[in-house]
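Look at the two complexes coming up: chain A is in both, with chain B in one and chain C in the other.
Now for the complex of A and B:
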């Protein structure tokens, strides 16, 4: 029994949440349109969370991802206002993300600061930089090129349902591509296995000849670039950029990875489990909004679900060890 | 097995709590979603509370959704309530930023209303204050107070369309008085909030016009430059020359200055409660089948002077 709960408790819980909303909202929840909707709403969080998984595999954290997402958005937007072509602005924003990630990597691996402290400091720096770059203002309207804003509204037509077009959103496809790429890297390359080795025991990995410092540095670069990508997706979705708009992504991304960890066999972060965590958070938001649950109650419930999931997992683990 | 029982009980309690919330949702009446990223801001709270009060009288089931500053979440929640099939959506965010959400509402045939949100073809009506009227009130106040003659300093900000509209009206009013001369039309640097730079600009103008009576009034398109000008005039020791200052918005600092009875004599207050109530009434009109002719609906504003600044 404990074994079943340990392995499947959270998965059963996630399924129960979906079934609950299905029952409470029979007409609108379990529909293709709603799920395509949810997939689009979650696309930015998915990108941040799966790239966050890369550092969490090593037992590290990156608290600066939300601030980086904001910074990347305003960097691109301010370049737009200066007349830069879209590809140039996007490349510059991604370069900022990569550079920020490398900075985190250097602080953590080369200098040896605790990730919590290092990325808390860079969070503050990136956030300050976002305000500096934008002058504290929101960039929107004619300053944002139509093509950039249209990207988030475009998608792959899937045909029609009830006389209305059904579209697989471009943002969803984009997030799926990033997820696939990170999944391949983490689960099917030596590089990924070495990151897991560092997470298991950094010292043992080092003794086994794994270049721990270099790998940790590169993993943070991944996360930084992912955060910047998510920031650009966000800016496209709202057709504007302000210096705080991505900040909320950080806590949700970490929560998603933790939720995901409760369903993995080894209790470690895995990309697909992280996606399950992201979907759980998104389904809660979507379903509770449709049920007209107060937005503050919604927040409390989401936190409670995380606690329940992690508790079930912890209790299951203890039960398996026979106390 | 005891561990399992404990978990099962916990799970049941959670399920019961969720089911309870679900049950609460099925109240009678029209379903209206109010979505804003700015609920923590005082003005927004006034709108929303007044909207809720009116909606209660109308027997609606209102769901106020605060996304705590997250604009993308506004789009997501608009999509969610469009899927849910609410009867109307009320927004308090610039429609230019939530185009995808407006598309979702239009596709689901749900009318969207703006509560001081901005105009958009996909919005049935935006309920707000009339910037032109506000500027007319304060500029006419200035013209009357100085007897239609003398030098006036204007503080404007033409880069921001709502404030630019105010300046246009003041220009027209002052031009219509042949004996009023606009001494300077200043655009302050607002990156520090607008007070400090306006003060610096005003100090320079005072320096250039040292004769008492050479400046009769300062008309500011919003309160911050008016406060800056007031500081400059007081710092120069020229507060007894009868220079009349007006602002717009009647923020708390401006109200204090006006109540103190100094040079800062008037500002304009928007009726936030009125905007909330009128928004609810406008939603009711559309739900009742009326086709609105005007897609911007103005709620009257109020001139604030020392007589009513403390109210």
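Now for the complex of A and C:
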């Protein structure tokens, strides 16, 4: 029983959530259009959560991703207002993400600050920098190039349904591509296996010839770049940028990875499990919104679901140990 | 005076007999040394006393009445206290609070009465003859010796159940000479107050200084209990080692003509050196030394896990100073602390085996999973690993099989030089035999081996030469053929022995 709960409890719970909304919203929930809509809403969170998984497989985490997403969006938008071409602005924003990630990596692996403290401090810095760069204002309207904003509105036509075109959003495709890339890196390259080894036992990994410090640093850079990417996706989607628009991504991303950890066999982070966590969070948000549940109540419910999922997993683990 | 008697204790772990007729009598007012080689059964006997294990057979009586053991509460109720090498302390809390961890704080009006708390702590320390430790000092500011004194003093607080017997397991392993001297003075106080101290140590000079009686265990059985005043160092060593060499060691194989492989000149690291020696292909060099002699540091310096200085060449090439480079040059290392430094307990055993060899098992950075799995399967068979498959988490394996996972990992690179730190620690007899055979076969094929071990028969049985480390220096290098345990032990104790 404990084994079943431990291995499948969370999956059963996720399925139950979907079934619940299907029953409660028979006409609107289980439709292609709604799921395409969910996938687009979730695309930014997917990118952040999946790249967050890269540091979490080492047993670290990064609190600064939300602030970095905001900063990257603002950097690109401000460059747009200065007349920079789209590729230049995007490259600059990604470079900021990479640099921020390297900063986190240096603090954690070279200087040896706990990830919680280091990334809490850089969160504050990135957030302040976003306000500085934007002057505290939202950048929108004419200043945002049409081509940049159009990306989020484009997609792959899938045909028509009820007379309206059905489109697989470009942001969804993009998030799927990032997920695939990170999955390949973590599961199929020496780089990824070494990151998992660091999470499994850092000292043993070092003695077995893994360059722990260098890999940790690079993994944080990876996560920083992922956060910047998500910030650009956000800016494209709303065709504007303000210095706080990505902030909410951080807690949701960490929650998604933790939810995912409850369904993996070894209880450790895994990219595909993280995606399952992201979908769970997104489905709840979508369903509860359609049920017109107040947004504050929604927050309480989402928090409670996370506690339930992680508790069930922890109880199952303890039962296994005490057998 | 109370008397605790243990007789006819038997305890098996699987096929291995840890205790096979062990006996001991402990009287109030004496310091009783318990001696024996590694694997003689000292730790098992203590774990039974502490209630961490249950004996399969045997009698334990306190003043003639059978004593029910089997839980740590029962051991406490019987007046026994255990001071382990790894002390349980809370470094951030004051000495006085650490002394009250397992008992209620004195209160006044429902709040902690700090003055009384410190007064009680000071009184208990004074009863132990300790006046240099202030009760308000944070525990973390004390050295290991003073922490141990605080732990002992905590048992002397008034109002608690008073213990009559203390069990100290290698208490001086981490202590300086001055700290040890303070501990000995405290032990003298306990004895004078009528308490018994069961003192487990392999340091002959301490035992001869402190003990009233000495009990020696060998192969889990009681050999002798002697009055210190009526015995000699040599007699004790003979008691500890006087057994026929078991046929545990496969015969030396003829090996290909040895060629020079490793040259170490002036190697220095923390607590080590300068050390110089040479090693040829197919040669097994044993390293003997007491704990703290630098024997572990020697291997860690060679693999590049410790900052080091000096000139080291492997087959004429300078040896890389970091583990990644050393593995790539054909070194392999099996660390002493299997769980902390060797395996990834919760992950599949295949990942531990493949980790140092990932670069070879991949093309352009992409892991060839099929090749990796095939390698793990082949090596698992070679080391006779008992596991359900490459995906089984290491934590689910026995100690001996976990060690075989590390051997599989070492063998996977066809190493030129294999570094082994206590290769059979916590390993059952069957796995031990397998491991010895593996080492022999490797040497026959030309791999050079450096093996650090505190198991003297193992060193003699496996090695071609044995280097004696003392205080970070090689004091002598002896041929293993014809070496006796007594001679080796005497060499380890050296001049101060």
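Basically, the second predicted complex is superposed on the first by the 322 of 323 C-alpha atoms of A that agree within 3 Å, B and C clash if a C-alpha of one lies under 4 Å from a C-alpha of the other, contacts with A are read in each partner's own complex, and residues count from 1 in each chain.
Here is the rule we go by: contacts are C-beta pairs under 8 Å (C-beta built on N, C-alpha and C of every residue); 3 or more make two chains touch, one makes a residue touch a chain.
Quantities reported herein were computed from a predicted structural model and do not represent experimental measurements.
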Chain A superposed: clash or fit between chain B and chain C? fit
What is the contact status of A:41 with respect to chain B (first) and chain C (second): first, second, both, or neither? first
Hey, in the superposed model, what angle do you get at chain A between chain B and chain C, Cα centres, nearest 10 degrees? 140
Could you look at A:208 and tell me whether it touches chain B, chain C, both or neither (first, second, both, neither)? second
Answer with first, second, both or neither: which of chain B and chain C does A:295 touch in the superposed model? first
Using the superposition on chain A described above, determine whether A:197 touches chain B (first), chain C (second), both, or neither. second
On the A-aligned overlay, A:136 touches which partner chain: chain B = first, chain C = second, or both, or neither? first
Using the superposition described at the top, determine whether chain B or chain C touches more residues of chain A. B
Superposed arrangement (fit on chain A Cα atoms) - minimum chain B/chain C Cα distance in Å: 24
Overlapping contact positions on chain A, where the chain C interface meets the chain B interface: none
Which stretch or stretches of chain A touch chain C in the complex? 188-191, 193-194, 196-197, 200-201, 203-211, 266-268
Could you pull out which chain B residues touch chain A in their complex? 1, 3-4, 6-7, 10-11, 14-15, 18-19, 21-22, 24-25, 31, 33, 61, 63-73, 75-77, 79-81, 83-85, 94, 96-100, 103-104, 107, 191
Chain A contact footprint on chain C (complex, rising order): 303, 305, 322-328, 333, 335, 340-347, 351-352, 354-356, 358-359, 361-362, 365-367, 369, 393, 409
Complex contacts: residues of chain A adjacent to chain B: 1-2, 5, 9, 13, 16, 20, 24-25, 27-28, 31, 33-34, 37, 40-41, 44, 135-136, 138, 140-141, 149, 152-153, 164, 234, 237-240, 242, 244-245, 248, 285-286, 288-297, 301, 304, 308, 312, 315, 319
